[in-house]
Amino acid sequence: MSLLEAEHVKAYYRVREGFVKAVDDVSLHLDRGVIMGLAGESGCGKSTLVNTLMLNIRPPLYLIDGRITLDGNLLSKMDKQTLKKKVWGVLVSIVPQSALNALMPTQKIIDLIKDIVHAHTDISDSEIVSMSRRRFEELNLPVEALNMYPHELSGGMRQRAVIAISTLLNPKLLIVDEPTSALDVSTQKQVLKLLVDLRKAKIIESMIFVTHDIAVLRQIADRIAIMYAGKIVESASTDDILYNSKHPYTYGLINAVVTPEPEVRKRGLISIPGEPPNLLKPPSGCRFHPRCPYAMDICRREEPPLVEVGEGWTVACHLVASGRR
Amino acid sequence: MLLEVKNLTKIFTVGFLRRKEIVAVKDVSFNVKESEFVSLVGESGSGKTTTARMILRLLRPTSGSVVFRDRDVWSLRTLNDLRWYWRQVHGIFQDPFASFNPLYKVDRVFYQVFTLLGDNDVDKESLVNEALKEVGLRPEEVLGRYPHELSGGQRQRLMIARCYLLKPKLILADEPISMIDASTRAGILQLFSKLRDEYKTSIIFITHDLGLAYYVSDRVLIMHKGSIVEEGSPEEIMEHPQHPYTKRLREDVPLLYRKWSGF
Amino acid sequence: MSPIMRFILRRVGFLFLTFIVFMLIIFALPRAIPGNPLSTLLSQLFQQAQANPELIKAVYKRLMDEFGVGKPVHIQFIDFISRTLRGDLGTSIAFYPRKVGEIVAAYLPWSLGLLIPATLTSWIIGNSLGALAGYKRKSAVDNLMLPVFLTLSQTPYYWLAMILLYVFAVNLGVFPIGGAYSSGRIPSLTFEFIADVLSHYILPFLSIVLSAMGGWAIGMRVMVIYELGADYINYADSLGLPDRKLLRYVFKNSMLPQITGLALSFGTILGGSLITELVFNYPGTGYLLFRAISTLDYPLIQGVFILLISTLLLANLIVDFVYAYIDPRIRTGYLGE
Amino acid sequence: MVSQLIRDLLRIKKFDLSVAIFSSILIIGLVGPIVYEVDPVKMIGPPEQPPSEKYPLGTDSYGRDLLAQLLHGIRNSIYIGLTAAAISLAIGVTIGALSGYRGGVADSSLMLITDVVYALPSIMLMMLIAAYLKERNPIFVALVIGVTSWPWVARAVRSQMLSLKSRDFIYMSRMAGLSDIKIIFEDLIPNMASYIFMAFVLLMSGAMIAEAGLSMIGLGVTRGVSLGIILYWAQLLESVRRGIWWWFIPPGACLVALATSLLLLSTALDEYFSPRLRGG
């Protein structure tokens, strides 16, 4: 059985002009032990989707529809207090996008940890201290950081402290939301290494990693889901996405990646024309059709169905559905 | 030589009674030839933006000089001399939203620079329209709008269109695509190459992304903690990095077709 | 040197500088405003002591001395400062030959006894209510409280004092109509006297607390709204921290700026409470100041201001100590560099 | 752009309410003395009359008409408030802008001065200065209030300036060869306009309250009427203890309404211009 199952999830932002359909009918399965990458342009709903998956939403964002099950628990029917007590921090944790400011500024790291652990279990303070020390050692983080205030830590260190704090109670699923975009490459690599080590040490089972940087996903993800304009358009193993992608958008994204590699230099720079749509009024039919080089009549009219093209490989594109690709 | 940067140093002083000195740029020297594409690579805080502003004559260096076509840029005093300089050397910045005064329509960035061209008898409108077409924008789509009504990509293209209008000899582009989606970066990057190819414009391209630098440049400068630590052709830098910082940078950049060991 | 020591030393230096600047202003004013200084004092003097030419001569000589006539200006100023620092604030005209220092000293305790408890009470109540309004933002509670806060914060203390006095003392007769204690009573440490003082205390105290409260509440409300949306709160929330813990975080971080605000607003509150004393005939420095102004007793006016400002700067320093102790960012040298 | 801004603002209830209150009192103060032609400082009837048809707000202990006093008082208080706010704003904006724009030693020294003045309570400085002025006409009072209440404006403008100065569009204008003066007037000032307006509104409410405070302690205008002066007379002649409520309630209520409407206005603007307070 998979760890996370999301079916037909819709999450909209209510604004004065109507609804922003940031997540629109998304279904997603995540197996145990898998690191899944979620990629797409900014504003395509990636961040909203992962926060919705753990029901970490506040107005003006609302869950409109859908069923979300995590480790046998039906999250979409729980109220917030139950989620906070039983699920968040214990079954699923998030490393937020703004991890640099995520730590309570006027409290030592260890005091924040104590508050979090006390929220879920009854262990004594001294046990929490020794437990945190052990965990920091295990993850090669300096133990002294526990007795420091957030502002005394460097950006990369703060980022890694947040990851350690999020996984202190060994959640089954860790959601990581664009953690590295503000870091320089060497710090980024350390953070990524820490995330991989978490799974190796069996501290977490699975992870969803959100980023716009496919080269980063390449390094750590087993599977990649591509999101466009509030929908998942393709989902497959990292290698399939990289070498055999079926959706024109996936293909475009991969080709837009610029890394210092001879292959890239040979292939040249290619970009996807146009701009991502406004999710207040998404285009009809396939949402990608205005930017798609292969758009057909049907693409403007009908939404493409999600088709399974291989073992754990789904694509939503009329080209694939009609067998032309 | 088009541009010579000689021993450029910038020290910021903070505090009043207890003065503290921060060395942002330390003894930086390099040259740029006509129609050359030079990349300046470094992470945030390495001093690359400070360097760019000093070259653009927007920030006074503590010491050292910037010489453009044998004239010391920081000895230019009159508004006329300055206009001459900015007509030849223009800049593009990282945040395409911050580059526009939010209170005015985007057209302002074009009509502002006609004073630099110094010719009043031109058909301004058609020049602007032409420049917009060069960067792949339809005039009716963008003119008369406010910056917040346009996307990041459109705004940055407008900034490049301003350069097409001026056709400067040198463009300093400070992280011009780092705030733009990866999927549309290439299109904007190509506009710089086109300027270089068509008008022999030299480009100093400032970036934290070694991949981009490797792809577009004739020469790469690596900047670390305020100094240039290595200089060479993209191939030299990638294949035989000398400085430990360059080596680390190269190793830590995530690649698409190669996986890191230990992951 | 520890960061906390450095912070405190810097604040001490700054407050001392402020004191010197203030002394300079006091020193310069009578000398800068044309036609004013000694002539006014003297004409005042003649009115006061017409009958006694000997007295006039004595007072005149004394004033000339204290004013430093004939000496270079900078020497005058140094004399002025050193006399003040030694505690000599000159001689009053209206109460000749009493020294200004001893007169003010008799009135100051009443003012401070009113000001300090009222400020702290308004600070605590205002901040708590403001935090509540911010937390329950856009609810009925908030919608009801906000207009009240806004109005209270713009209500002069003394006008509120007039209304309270009119309603509770004049009309309802619940409280005495003024003074610090009933006339005829002799100050003593008996139960009756203390009860009498308290019954005179309540209305002035209330009018200051009520009007000062509004400003604190508004400030705190905005702070809480900002902090509630902060990244660290969202993160702690997403890890399942209970709401009351989150609130405590928000409260703690919103409180820190309010402590600095406390130091800054002592002065404003003092200004208001001085005038409130007038309304209640309360024998504090405000009452004294009013008399000094109406008799143009400049040495006394100066003395009142010097003592009040010194007290305020001292209060600032105490608040700085408290703040440095509470905010870890100062303890570790992160802020205040 | 401007018409859109006004339309957006009109949608905010707080904005409408505050503008309505303030402008109606303002109009009363402007038109009132013209329509109601009674001399506010002349004895026109028996003393201490309660409100009646003949004397709509009653008379004071000298038999002077209190409605006439109130109408002139409103006018003068607003006049003093406006003038004082303009003076403070001019000083505060100049010092703050200079400090933020120039930076370096100029900045440090200007801010040291500002901090020192800020640490001295403005109401005390006002009293101190006013005590030495024998003749205090409205302009002098406004000046005294104005020169003591600017420090917070200077600090706020400085921080605005600092954040604006390093925005890229300033560089864009400089690279287009615009002169410093043009940049200040086309790029910097317009972007601070909403902020400066809010500061003005707050300064004005503060100045009107300060005027009343000065008057109460005996340091208000020496000739003429203001809201504070009415309260001063009411206090001096023991109106509260003698139950003459019509003497001290109307001027105080007007003052509170004026000051509160201005505070409400700045709150509304603040919510409009800082999105974090606006949203749900």
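Think of it as A, B, C and D in the order they're written, each chain with its own count starting at 1.
Basically, contacts are C-beta pairs under 8 Å (C-beta built on N, C-alpha and C of every residue); 3 or more make two chains touch, one makes a residue touch a chain.
Everything quoted here is computed from the prediction, not taken from an experiment.
Novice: Select, from A-C and A-B, the pair of chains that is joined by more C-beta pairs in contact.
Specialist: A-B
Novice: Report the chain whose CA-based centre is farthest from the CA-based centre of chain D.
Specialist: Relative to chain D, the chain whose C-alpha centre sits farthest away is A.
Novice: State which chain is most central when centres are taken as means of Cα atoms.
Specialist: D
Novice: Let me have the rounded angstrom distance from the C-alpha centre of chain B over to the C-alpha centre of chain C, please.
Specialist: About 55 Å separates the centre of chain B from that of chain C.
Novice: Based only on mean CA positions, could you tell me how far chain A sits from chain D in angstrom?
Specialist: That pair's centroid distance is 52 Å.
Novice: Averaging over Cα atoms per chain, report the distance between chain A and chain B in Å.
Specialist: 33
Novice: Among the residues of chain B, which are close enough to touch at least two other chains?
Specialist: 15 - these are the residues of chain B that touch more than one other chain.
Novice: Spell out, as numbers or ranges, the residues of chain C touching 2 or more other chains.
Specialist: Correct list: empty.
Novice: What are the residues of chain D that contact at least two other chains?
Specialist: In chain D, the residues touching two or more other chains are 112, 280.
Novice: For chain A, which residues count as touching chain C in their complex?
Specialist: Residue positions touching the partner: 54, 56, 83-85, 87-90, 93-94, 96, 98-99, 101-108, 112, 115-116, 119-120, 149, 151-152, 162, 165-166.
Novice: Taking the touch rule as given, give the residues of chain D at its contact with chain B in the complex, in rising order.
Specialist: 1, 104-105, 108-109, 112, 167-169, 171-179, 186-187, 190-191
Novice: In the complex formed with chain A, which residues of chain C make contact?
Specialist: Per the stated touch rule, the residues are 230-232, 234-242, 245, 249, 252-253, 256, 327-329, 332, 334.
Novice: Applying the document's contact rule, which stretches of chain D touch chain C when the two form their complex?
Specialist: Against chain C, chain D makes touches at 112, 115-125, 127-129, 131-134, 205, 209, 212-213, 216-219, 231, 234-235, 240-241, 243, 245, 248-249, 252, 255-256, 259-260, 262-264, 267, 276-277, 280.
Novice: Could you list, by residue number, the parts of chain C that touch chain D in their complex?
Specialist: 14-15, 17-18, 21-22, 25-26, 29-30, 33, 36, 40, 138, 150-151, 153-156, 158-159, 162-163, 165-166, 170-171, 177-178, 218, 222, 225-226, 229, 264, 266-268, 270-272, 274-275, 278-279, 286, 289-290, 293-294, 298, 301, 305, 308-309, 312-313, 316
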